[in-house]
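Paired with chain B in one complex and with chain C in the other, chain A is shared by the two complexes that follow.
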Partner chain A sequence: MSEPQLPAVEVEGLRREFKTKGPPVVALDGVSMKVRQGEVFGVLGPNGAGKTTTIRILSTLLLPTGGWARVMGFDVAKEPEKVRKVINMASGAEKAGYDFISAKRNLWFFSQLYGIPGDVADRRIGELSERLGLTKYLDRKFYALSTGYRQRATIARAFVNDPKVVFLDEPTIGLDVMTARSIRDFLIEEARKNGRTIILASHNMAEVEAICDRVAIVDKGKILTEGSPEDLKRSLGAPALVMEVSPPQAGFEMLAKVPGVKGFTSSIEEERGLSTVQAVVDSDAAARAAEDAVRKAGLKVVASWRKQATLEEVFVALVGRGFKEREEQDVV
Partner chain B sequence: MTSLRPILASAWMGIQHDIAWTTPPLSVALRAVAPFASAMTVSIIYWFGTTNSPAGVFSPDHLAFVLVGSTLYAHVASYAWVPTVAIAEGKNLATFPHVYLTSRSTAFYVAGRALSAFVISTITSLSALAVAWYVLGSLIGVQLPLTVTPASIAMLAAALLANIPGALGLGFLLGAYSLYASKFEWSLPGYVAGLLMVFSGALFPTSTLPWPVSAGAYYLPFTQFIAAARDALLPGSADYLASMGLCLLGGGVLLALGLAVYSASERKARKDGVIDRRLA
Partner chain C sequence: MKARALVRLWSIFGEPLWVFVGMGFPVLSSLAFSLLYYSIGAAGYIGFAVLGGVMVSFWGNVLWSMASQFNWDKQEGLFEIYLTSPASISAILIGMSVGGIIGTVPSAVIVTVLGWALFHPAVNASWGGVALTFGLTLASLYAMGMVLSSLYLTYGREAESMNEVLQEPVSMLSGLYFPVLGGSSPFPLALQAVASLIPLTIGMDALRKTLFYGDSVAQVWPDMAALAVMAVVLLILSSYALKFLENLGRKEGTIAVRIR
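Showing the complex of A and B:
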């Protein structure tokens, strides 16, 4: 009988507080999860949910204040040097690189910090650049690269040491559709063909749905739910209800009282003179009740339809609000 | 080799940062301006003061003392602060966290950057000394008593090398602050360099300082480095072997202290979450 495979990432009760002049800010509040080797695992949540803090702790940039985490069996707090030998990370917001040297020299420099022999490094840089469509731009100074190519170079750097686990924080943020797609294809291939574990922190639901085998939805430092995107969407029970309502308005609090409505989001479309409301419902009867509630409030339902639920609806069902509303709530 | 590779690559990065941004001869010439100006300024002040004051007594030996001291001081000042710059620049470009995440400590990176700066600084400060010697000789018509022989050059080279541990130690101490800082780190090395000018015997013997400052200044590795290097070019100005011994001893102590403080600062920076804090 073969031994069970070591989890790529194992986290138990992970907590992180940040000191402030006022009460401490709790960025992570008892996060527990397990990621299998070769899995693309998404950490999905609105800004401020604790995604980046999780990545920072797992990649040894930050110490937890409670709980523990292991990467490939090594404790991130007690054995950071061993963890660093098997990981790498990249952040889409940074596009980190030395401006005054070429993209190729940037990759070569980091390969040397990992102690990789020159010929191996050259071969690996060549392969990664080829697959990321970077070859033509390798000799350009880093500052002269477009945002998309800087990000491709950043992603190439995250794989230059042949890591077993790669942490990516919003890797396609601010990129055009084609660049984002080619990076996603690259990540899927790295997981499927090369067996790498990829932990992807993102608030881009389409991206997470497209490439992740499993997803943890996080909010306010806690994991709300975890599973494959399909299972999570299926757990809602019924398609979401979309209503176009006139006259436009912001508040639809009457929906909160309708039995079977798990949560909703709304937005105002000034140009069309109406509001669009998306409600997560557990049955067709709840959808009808929701429409009635809006009408009873003196509003006109111009159009309504049902749509396949996305991961945002899963979040709405759990929290009662969408990403945008949650972020606005935090600002207030 | 796997430990040497990160240091060599970091030294290469330092060369790229410091001189490869334009043609190397031009950038070396530009970098020689500061030590040259420093040497010329203090030398001319000394010459002018002693020849225009009724109580002043001009001595070519004293002028040579000041000239060599100020150039060597500029040499130390220009590479001991490189770790601070390397870290601050890495935070600015967001590259420092990724250096930190490689399997070697950032100390390898910092040491590599400092070593490249040592090589550049050696070339520029010795060039500045040679030019200042020639210009001063022409300007005031006095041949300064510098000894330049194969033996004196070898002694100077040995002194320069002996100072590396101390300069690295100071660099790590300043770098420890830089790891943690979000402001002020660019200017701190300048203030420390200012103190060194007073306390390292660059312009006047440390014995002229009041006790116990004079005793503390005497045991600084930089004081002993300047004394040994000066003795190589101005024989009889110090006890070369004793200065070399004290330079190595003090440098070793400072390096050990610098590494310990840097390592503690790195751990605390990780605990407080400032390793990847980006600077504007």
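Showing the complex of A and C:
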């Protein structure tokens, strides 16, 4: 019988507090998870949920204040040097290159941080650039690259050392649709063909759904649920209810009292003069009751329909509100 | 180390305008002091002004391209890449120093050529002593840059203000354009003692002795020993400071904070 494969990432009771002038801020509150080798694992949550803190601890930039984490069997707190040999990371928010040298020289320089022989580095840079559509732009100075090509270079950098585990924090943030898609395709290929483990922190639900084998939904430093995107969506039971309501308004608190409504999110569309409400319901009866509740509040339901649940509805069902409302709550 | 040195050189020589602009301050300050000494009849000091112009190029490079570099890297998100790689941060800093020294040579050469062509300062050099002293001065000066670079990691953008605070006082105390140690120093003994803690002060004094007074290695060995000790101590200090600050940053969550 073959031995069970070592998990790529193993986290148990991970906790991280940050000191402030007031009471300490708890960024992670007992996170536990296990990621298999070759898996694309998503950490999905609104801003401030603890995604970046998780990535920073796993990539040895931050120490946990409680619990432990291992990457390829190495403890991130006690053996950072060993962890660093098998990982790489990239963030969508970083510039990550020296402006006045070419993209190729930047990639070569970063490959040398891992002691990769020159010819191997050159070959790898060539291959990665080809696959990311960067080849034509390799000789351009970094500052002269567009945001999209700079991000392609950043992604190439994150794979230049042939890492076992790659941590990506919002890798396609602010990118156009085509660039984002080509980066996603590249990531899927890296996991499928090269057995690379990719941990993707994102608040982009479509992205996580498109490329992740499994996803952990996080909020306020805790994992709310974990599973494949399909399983998570299936767990909701019934399609979500979408209503267009007039006149436009922000509050739909009456929905919180309707039995069978697990949560809802709303937005105002001023140009159209209405609000769009999405409610996660557990049955068709609950959907009808939700519509009735809105009408009873003196509002007109201009249109309503049902739609297949996305990961956003999974989050809404767990927290009661959407990402946007959650972030606004934190600001208040 | 080699890779970081190359990045610095590619950056410097990839933008010829920068090389030209970088020469401005050393050339002008050297010319100003040379003209001053010429006009007051202190021709013997003109060589000091030219030498000062050469060394101020390196001092400027240490301050603006070494000390504040990691701070800039931190703001840009590059420091995170260094930290999450297995590379030694000290090796990266040494590479940065080597690249910085080579990249500053054109400025130093221009100051020298212009100074000698315009003023023909008298030279009575012990060239072996000059070469050794120059090498040791740069080693200790850039080691100081490495220490500053480590310390600046704890600062945000105020690191640039720290540079401004340091630039002129150190230039004056270290005697870039006039002797500050010994009998001809305008400073009292206590201030001379303080100035001696700066590697550039010892280096400038030893360079003047070997370049203009013909002092041999045997005569300036105490200065050279002091420079060597300073270089080693500062290198070790920088290595410890980096490790300490890395651990502190991982604990406090400050090492990877970017200014976006």
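Here is the rule we use: the second predicted complex is superposed on the first by the 332 of 332 C-alpha atoms of A that agree within 3 Å, B and C clash if a C-alpha of one lies under 4 Å from a C-alpha of the other, contacts with A are read in each partner's own complex, and residues count from 1 in each chain.
The rule is short, and it goes like this: a residue touches a chain if its C-beta (ideal position, glycine included) is under 8 Å from a C-beta of that chain, and two chains touch if they have at least 3 such contacts.
In this text the structure is predicted, and so the values were computed from the model without any measurement.
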Put chain B and chain C onto chain A via the superposition and say whether they clash or fit. clash
Is A:Lys141 contacted by the first partner chain B, the second partner chain C, both or neither? second
Applying the document's definition of touch, where does A:Tyr98 land relative to chain B and chain C: first, second, both, or neither? both
Touching A:Glu127 in the superposition: chain B (first), chain C (second), both, neither? neither
Please indicate which partner A:Asp231 is in contact with in the superposed arrangement: first for chain B, second for chain C, both, or neither. neither
Chain A positions within both the chain B interface and the chain C interface are 18, 56, 59-63, 81, 84-85, 87-89, 91, 94-98, 100-101, 105, 108-110, 112-115, 157, 161
The answer for chain C against chain A in the complex is residues 2-4, 6-7, 10-11, 14-15, 76-78, 80-87, 92, 250-253, 255-256, 258, 260
Show me the residue ranges of chain B that touch chain A in the complex, using the header's touch definition. 1-3, 5-6, 8-10, 12-13, 16-17, 20-21, 93-95, 97-104, 108-109, 270-271, 273, 275-276, 278
Can you list the chain A residues touching chain B in their complex? 18, 56, 59-63, 80-81, 84-85, 87-89, 91, 94-101, 105, 108-110, 112-116, 157, 161
Across the complex, what residues on chain A touch chain C? 16, 18-19, 56, 59-63, 81, 84-85, 87-89, 91, 93-98, 100-101, 105, 108-110, 112-115, 141, 157, 161
